[in-house]
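Note that the chains take the letters A, B and C in the order they are written out, and that residue 1 is the start of every chain.
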Amino acid sequence: MSWRTIASKDYHESKDSRLVRYLLYLFVAACLIGGYVFPVTTTGDVTKDRFAGFMTATITLLLPLLGILLSYNAIVGERESGRLALLLSLPHNRQDVVFGKLVGRGGFLALGVIVGLFGAGALVIYPFGSVSATSTVSYLAYVLLTLAFGAVYFGIGLTISTATVSKQRATVAAFGVFFVFVIVWDAIRDGSAFLLDQAGLIDGTLPQELPNWLLFLHGAEPGMLYERIIEGFFEGSESGPYLSAEAPWYLGEWVALVVFLVWAVVPLLVGYRRFEVTDL
Amino acid sequence: MNWRAIARKDFLDSVRSRTLWALVALFVGLLALIAYAGQLTGETDVTQFVGFTGEAFALFVPLVSVVLGYKAVVDERESGTIALALSFPHTRADFVIGKFVGRSLVLAIPVLVGMLVASVLVVVLYDSVPVFEYLVFSVLSVVLGVSFLAIAIGLSMLTTSGRRVTAGAFGAYIVLGVLWSELIDALVLILWRFDATVLVSPPEWATFAQLASPVESYHRLVTAVFDTGPGTAYTTPDSPWFVDAWVAALLLLAWVVFALGVGYLRFSRSDL
Amino acid sequence: MVAIQVENVSKRYGTLTALDRVGFTVEEGEIFGFLGPNGAGKSTMINIFLDFVRPTEGTVSIFGHNCQQEGHLARERMGVLPEGYSVYDRLTGRQHVEFAINSKDADEEPMKLLERVGIRDAADRKAGGYSKGMAQRLVLAMALVGKPDLLILDEPTTGLDPNGAREMRTIITEESERGATVFFSSHILEQVEAVCDRVGILYQGELAAIDTIEGLRESMGGGTKLQITVNDIDEGVLDSIESLDGVENAWLSNDGRKVEVTCSNDAKLDVVIALDDAGVDVSDFRTDEASLEDMFAAYTGGSR
């Protein structure tokens, strides 16, 4: 049971980091504000599954940052300072350490998501909305999906943390991923469209449309997937380059879900495996 | 049963420091003034007097209670006299109960004496006085004070910092005694995204939350006895069942248990 | 019958250890001195007896009552002069004692008690105007209420003049003769020496020694301390002095100008002779009773 010791240690450590704590507060506050404002800005039944889409922009910005920040330092920081050796000299095996860190730090992230989204949900339902069995199930699914989205970036951070040897490199890698995936990803799409147009590979008329295989690749970024799953499953949207009836099957929400789950599982597994076999 | 020694000492302290006498004089003066001024309007039904007194007590009695109670424990901890008191075979519970009982008496006596003296004026100046209801009203006023006393003593047990207790106790008075209704209204208004029509017929839980402050519970109970005062807001035909008088009585009691309980939990576990 | 039983008690405040696995017993009828420099943890120990402070580990029971679970039962048979108390400024001395009598359901005459501690004349003055010594006497009177089976006195002579300290000793002896157990803490050796049957020495949170006064003195080598001013000395000479019969410890003072030696009374001359033999010039020579500090040095491996 020694992973529990590590989990509680890491949970408290995360809680003690001021940056992470304030970011978590910010995330929860953003969710609550979203839930508060949503009924005013919308017409018709507020409980009709559009809240998820309303929150997407906020969540795809804040949650990756929080997830990566919580995990990128989990191993490498302790390895660099020698505390990891200390930790492993105590009767903890490596699985315990990684699993404990996963539960402790991940628990902190999950707590933020759950508190934020359930608080927001309550503000959406009360006093203007209503609760039904289907809306509850759908909202729970939404929370699960968002948790999984947090897990994607948490896993990426953990992989970085186990794969790097210095804290500095881990920091660069973590913010690199965040920068590429979250900040400039949309620009990459426009940029590549522009380049392909210049090269004469695609039809230059506006709006420039990428070929389907490139759309698929571009759309395989976790945030894009998350957005598409919400649009496809929760809002039942059937427009846009991905979800319209003319789009090929592999751009649809079902494939998006599969790719998303791969994102949620693989980085975590890779990070875990690497840590098990690497020299300290 | 050693709380008696503490209660006795605490009570005698207030006699020696003349706090008790000052409070008796204050309440007698206040109630005589209300009794006299109340009938100047020409309305001489006793509900007139009760209505005015109820309003005055709602502001005044909690304040007196808070002043009486907020230093009860923290002062002894800060000055070190608690080391003396607890080196005797008192449990910490004895210590707290003794303080609570002693100070409750210091509050009850001025209120009851004031009501007794005022009753002479009331009999002379007003129409028939229902003795039983008048008595119940007096006791209710004491209970209101006792609930705030419990809150103040509860806060007094929470920390060793006198400044924080002071802030907490007077904050509690302002929030629970003065601003409570406004705060609940504000909360409802915020939840309804500032649609003011909601205040005309607030949701049921808000009505209940209003009642949860000791002052509002007191108003509700006074209304049950004399059918007057701010408590009539709870006796409209469409009021929910859970704002009945017995709920108000339970709420007042719950404040005493809750405040003393929470404070004691903390106090009993801390190093002195 | 055991009056106080302390088992393996530790108290930590964060990383600071105030008490470290302390254990001892005090038998009924004993006068037990609890000795240690300021800050050694004596008051922490006594505060645990009174349940003012909760131990991090270990248990303390008094007359078989666990101090943490049944503190008030334990205190029913105790009279306490705590440390760090203050008196109720607005109550008179007599009212204080009356409060103590009510608290213990005792039936006593307040004035008699006040007379016994020597503040009868101040009985009806407000205690806020008392001097430190008078307050100390007052609280002692309160501790004596109800003829307690155990007296706990934390630094009882604080604030008392020598006369008061002597009276305090008389009262302690009287109480002991009545059959009470007395536990008192002090940082002054003489007081403890004068009345105690047994002594425990607390040093930096650890119980360094526990023995009778004679036993302690004996193991100290008679308890005499020599201070010998010398002109020039080789460190090696200290070893040869320490090897002498009856010599406990020998060390160089901080400025390097004096040799300090703890030894039995008989060995004094031998030390000086040995120094002379070693060719050391002795320019001055002084003997002291071994101070408590030296005793601690002996028991804690010489912290100098």
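Methods note: a contact is a pair of C-beta atoms (placed from the backbone, for glycine too) under 8 Å apart; a residue touches a chain by one contact, two chains touch by 3 or more.
Predicted, not measured: the structure shown is a model, and the values here were computed from it.
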(request) If you tally C-beta pairs in contact for every chain pair, which pair wins? Let me know. (result) B-C
(message) Taking each chain's centre as the mean of its C-alpha atoms, which one lies nearest the mean of all protein C-alpha atoms here?
(response) B
(message) From the C-alpha centres, identify the chain that is farthest from subunit C.
(response) A
(message) Suppose each chain is reduced to the average of its Cα coordinates; what separation in Å results between subunit A and subunit C?
(response) 65
(message) From the mean C-alpha coordinate of subunit A to that of subunit B, what's the distance rounded to whole Å?
(response) 52
(request) Return the distance between the CA-based centres of subunit B and subunit C, expressed in whole Å. (result) 50
(message) Which stretch or stretches of subunit B touch subunit C in the complex?
(response) 2, 4-6, 8-9, 12-13, 16-17, 79-81, 83-91, 94, 269, 271-272
(message) So in the complex, the part of subunit B that touches subunit A is made up of which residues?
(response) 191-193, 198, 203
(request) Sort out for me which residues of subunit C touch subunit B in the complex. (result) 47, 50-54, 71-73, 75-76, 78, 80, 82-88, 90-91, 95, 99-100, 102-105, 139, 142-143
(message) Under the definition above, what is the set of subunit A residues touching subunit B in their complex?
(response) 36, 39-40, 123, 126-127
